[in-house]
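What follows is subunit A paired twice: with subunit B in the first complex and subunit C in the second.
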Partner chain A sequence: MTDSSPKTLIQSLPSSFEAGPEWLRLLRGRAADALRAGGLPTKKTEAWRFTPVRSVVEAVFSPAEGDALSVVSALPEGVTARSLREVLESEPGLLDGRLDFAGTPEHFAALNTALFTDGLWIDVPDGTAVDTPVEITHAIGRAGVSYPRVFVTAGESAELTLIETYQGETVGGLTNSVVELDVGRNAKVSHVRIHENAGMQVGRVDVRQAADSVYRSTVITLGGALLRLDVRSLLDGKGAECQLDGAYLVEGEDHVDHHTRVDHRAPHCRSNQTYRGIASGKGTAVFDGIVIVHRDAQKTEAHQENRNLLLSDTATIHTKPHLEIDADDVVCSHGATVGALDEDQLFYLRARGIPADLAHAMLTYAFLESIIDRVGHEPTRTRMREALIARIPHGDEIREVT
Partner chain B sequence: MLKIEDLHVEVDGKTILKGITLDIAAGEVHAIMGPNGSGKSTLAYVLAGREGYEVTKGSVTYKGQNLLEMEPEIRAAEGVFLGFQYPVAIPGVSNIYFLKAALNAIRKHRGQDPLDAIDFMKLSKEKAGLVQLPDQLTKRSVNDGFSGGEKKRNEIYQMAMLEPSLAILDETDSGLDIDALKVVAEGVNALRGPERAMLVITHYQRLLDYIVPDVVHVLIDGRIVRTGDKNLAKQLERDGYSEVRDAIQP
Partner chain C sequence: MSSATESIDAILKKKYDAGFITDIEQEYAPPGLNEDIVRFISAKKEEPEWLLEWRLKAYRRWLEMKEPRWAKVSYPEIDYQDICYYAAPKSKDDAPKSLDEVDPELLATYEKLGIPLHEREVLAGVAVDAVFDSVSVTTTFRKKLSEVGVIFMSFSEAVQEHPELIRKYLGSVVPVSDNFFAALNSAVFSDGSVVYIPKGVRCPMELSTYFRINAAKTGQFERTLIVADEGSYVSYLEGCTAPMRDENQLHAAVVELVAHKDAQIKYSTVQNWYPGDENGKGGIFNFVTKRGLCEGERSKISWTQVETGSAITWKYPSCILKGDDSIGEFYSVALSNHRQQADTGTKMIHLGKNTKSTIISKGISAGHGQQTYRGGVKIMRGASNARNYTQCDSLLIGDKCGAHTVPYVDVRNSTSKLEHEATTSRIGEDQLFYCRQRGLAEEDAVSLIVNGFAKEVLKELPMEFAVEAQKLLGVSLEGAVG
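This part shows the complex of A and B:
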């Protein structure tokens, strides 16, 4: 394939796909149809209103050779991680009906479904609890588009911690990822996602939760020319619980854009979202979160909070937490704040002898670190703190004193 | 050590301090007593360098230098300590590590090497013991979830760690029951010494039963209206501020 614009790319998508099992060909065909019908989003697309989507759409849409998706940790016992391509070839019926469980995707996720060539399937069987995290690294080393695809299945009462890191210094590349997690009854999945790459990223995380399952997502975004991530959870079984946390830091001319959506479709479920961000320089940060409580989801408890620090006059923050409630017996709250560093706290630190710039850095770090602090796995917290420290002024001094 | 001359201070265009003159020598403990709104906390904040306080007249000389020109952190490094009336909570910033950063910044300013972790922890244990501050509180986030008494003990613990030359204690007694007051006062007394001056700001005489001052000043409406020895505090307790106020403004 030669370099092409997304428009010609979409036009060139086949109306019927030739390779792979029939169900996958259909899946890809439906995604291609959705793209032909709806195209890629523009500034007029409501859910993309604040995303400078043009620059994504104008990215060079030639495939980056060899999507560098790899499991970097030793696989803990009980977990299997297989190449999607290999599974689709050797056991073509195995994943029938399981991908795109949230329905036919649109926009960039549809592009991923139509065009992904490989990916990972991580499976934790029923009753298997794994302490050691599984770590996946997406190393983005070249310009061009890559379509990482990850499918996670956690069986009944399974436990898993998944860490994804997106790294790379290549400006001009586009990573268009889709991660799906199918969380079984009473299973517990912790999902950490660290964005450290400089290029453009569009990502979708889809979660489906069976009864009494727990899903915890922590997203750390440390800059990026353009990042758009949608994390969506379907609370499908009674008593399921999800926690969506995020911390983002933008500077320079970064644009990061986090969207969340929680669908309460079953009764007695809980969801809790806490996103915190800092914008400085000419950076822009967007948080848009929606909780939808469907009619039958009585006894829902849903909370949503987005707090931001705006550290320069030229930075921008958009925040829009919102609720749609169709049930009557629910407890829901949402809130957003945008402010500056607390003057009382700054003065307290300085009055003890800490120089102003270090005091700023300490408070900035603490603001985001509180999100990391909610991650249960200590080595993972350490890793995330290190990633944050690397991006904060006076990082070495902060490392010294924390 | 500290020489305040004819200090006038405005906050939001309103004159709060209307000509304070005060001279504190090393080794002395001065108390400033006054009713609410007399300007006590304003004086404390001006000395510590808080923004938003405009000095319209007068001077403050500390160890021969113009204190008012220094940034708050330089004042701290030069040995000025403010014990806050309402210590702020700083979630996410560990009490002990923030203090380590503070102590080492001050040591750097003085041309000393930073304390290593072991020496620092040893020092911390000793000073926390002085005010019976439980070990786990030193490790928590600064003042986060601390009770009123724990916050004040934390202030004195920090003062003991930083060993200031001039300690300004702003209503350290407020919100303390009598047992906590005694603990805090003992901590303060342990830090009295010939090289150290203290300015103890309080509304009530009670604290001065435990921290016995050398000199007592009465601050009313931005002016020091009386100066005396510790017996002045007792007289105030007996007669109230209105008596003094009436005496000067018949």
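This part shows the complex of A and C:
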């Protein structure tokens, strides 16, 4: 374990797991076995065909120190946030059967399960509504690999807003995060995720929703050498509702890859996905979303939309919104568009004396801002707008007019 | 279970009307596939050396390839060594002598489909030259076509009479190594059709495979090649409205289209191979590669398909839009009932400037049917001002079927514009109620709604086909009430 020579991800798996409670050792062992047998994905793996995953799989990384997560905001009343390591040591049985509820993780999520050393457990008890958002900042400062793990449990009729930010200037490192949210009956969870880090990142968000729960996710991705995020929601109880939104801005030689999956397993559920992206420079943006309506999920309503702006001839956009429907009493739709900025809108702005580059910037900003607009919590919206403005030319002028 | 569901079940169990077997003595090659079989087929066809070499090359590539399994269809392993790769009818003596000897139920189906009488005879495998001189019909058409220089003949004939044409275009759109089934077809294809329209000629009639079916009994590995030279136009109808008589289950065809400058090709298909029974036993595995190349400027290729048959459909008629200002179109209605599975769609590859493509796909699933639209739109770097519009809608009838939509979009040019939309829903109870209230039988109401749903595609079909396709949708869906 103390060997500090650089290794590939698979090589960094230990041959056996000795620390922690038995159920966790078993979990880690299964994940490691699956990885050794199946390996990490390649370009031939359908879900990874557009992701330049080789650069991650074949790279060697120095082993990282323990992962440190910090809660920025003072914790609002009613919420507890505990270190996973501490919980696993002091109450070894407490999270048995709760952590890793999505079961049989694969690829990078399995790697996280096998190797995470610490993380956060955020718990909102039954009937507790928290107004102040809980913010987690993942500050990525090293060139090694880090395995952040966040586990959120929202009890019956609980309410929570969670903001996660991923920051860091270091290019060589890899962040392999897993966030799990177990949303109880009639609970409401809003989850905002802002990616501002320059390095490589592979992330997974797993959500399980009980009856009548509401989960809203908004992801803002502002570049990244390689970013791959999978958001999956499992609508497990009748009448659950989920909204997955995202905005991404890709420049330079960035590669940004968003995957979503909504499993409608219970009747009367609703899901709505809206992702918008802009690709310029030599960047590549990928959206791959799937809605699966299982046999008994009658009266499902599911919508999916992906709109893209392609601003240069060297950039590439892939989009693959798909539907798999095995129930008949459903209303499902999806749509995707790829195009340039609207000539008429540009003309409108130019005719009012706005210089071309500012007009461009304004339209670009407005295109992504419409996603931020869908976030209910005003301070959070402002926070996200600021993050976006910081990345767009003429930010100050735009701030003045909005 | 609601009464509506029960009545769905009752009617969905309806049998395939055209399930019949006709024994004709056939000349078979021994089952199995090896280089000798390829040589045998080639020798039987008296093919030139280069074509044999081409087949062998395809065969060797095929050996190295793996059967694709990415489509959302499941079927038992196909034993490629258990199939006869060459079967020609030996004599027509055993065929039914007239329509009187044909299964009356089959005739009733033809009646429903509104197929003209003499076509029914051809389709039913009646030894037509005894009853009806289709040879002379063919000759009449041929004469009219040859007056304007159109070549329309079977592949075997074309290899003998126009070897230079075949050599130039064969495999130019679908190369031998394109995919597993195309490679297999290239190695063992038995026959097919060849069409060549000379410069500036508008083909005086709609060409149809109907009139050639007896001239060369096409096997399950047929190959079609259509070349439209500069400024020409052709509309080609491929009718498979008859049940296939072959015992063999595998059908792997290849269709290649080439449209030169200012040329237009319109290719329409109505496919109704045997879909198997309600438990999914039997039926045709239809693995087809169809691709068109818009080679010249302002050329246009339009695919229209109505797919109601086959146990498995694996088919993606595609367009490569190479010439500037060229246009590709794909209109499709696919229906899967009982245990049918269809994974179908298209691929539009935009290479030239100002290229346009339109995709309209309508999928209908009933019973335990599984339906997947799988489409790809690629806009490459050089395709400035390219434009694509895709719409794919699915209709679900019954709670045991599935409808899936899997579009792939890949855009690399910033002046291009692409839109894709898809919806999935079932037949509205209010729609049905409205029709029933006005005295329409439940079946007629469903048929009416389904035809309305598919109308955008059906209107692209040539007149006589459109009527047939509409009726076919009704027949295939008979009673599938939602």
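Criterion: the second predicted complex is superposed on the first by the 385 of 402 C-alpha atoms of A that agree within 3 Å, B and C clash if a C-alpha of one lies under 4 Å from a C-alpha of the other, contacts with A are read in each partner's own complex, and residues count from 1 in each chain.
One rule holds in what follows: a contact is a pair of C-beta atoms (placed from the backbone, for glycine too) under 8 Å apart; a residue touches a chain by one contact, two chains touch by 3 or more.
Because the structure is predicted, anything quoted here is derived from the model rather than measured.
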{"item": "Combined model on subunit A: subunit C and subunit B, fit or clash", "value": "fit"}
{"item": "Comparison of subunit B and subunit C by subunit A residues contacted", "value": "C"}
{"item": "Contacts of A:R25 with subunit B and subunit C, given as first, second, both or neither", "value": "neither"}
{"item": "Which superposed partner A:H334 touches (first subunit B, second subunit C, both, neither)", "value": "second"}
{"item": "Contacts of A:R381 with subunit B and subunit C, given as first, second, both or neither", "value": "neither"}
{"item": "Partner chain(s) touched by A:H294 [first = subunit B, second = subunit C, both, neither]", "value": "neither"}
{"item": "Which superposed partner A:R82 touches (first subunit B, second subunit C, both, neither)", "value": "neither"}
{"item": "Touched partner set for A:R350, first subunit B, second subunit C, both or neither", "value": "first"}
{"item": "Gap in Å between nearest CA atoms once subunit C and subunit B share a frame through chain A", "value": "14"}
{"item": "Common interface residues of subunit A - those touching subunit B in one complex and subunit C in the other", "value": "none"}
{"item": "Parts of subunit C lying in touch with subunit A, wherever the complex brings them together", "value": "70, 379, 381, 394, 396-426, 482"}
{"item": "Residue ranges of subunit A in contact with subunit B within the complex", "value": "342-345, 347-356, 358-359, 362-363, 365-367, 369-370, 373, 397, 400-402"}
{"item": "Subunit B residues within the subunit A interface of the complex", "value": "48-51, 71-73, 75-77, 81-82, 84, 87-88, 90-94, 97-103, 105-106, 109, 141-142, 158, 162"}
{"item": "In the complex with subunit C, residue positions of subunit A that touch it", "value": "46, 295, 298, 308, 310-340"}
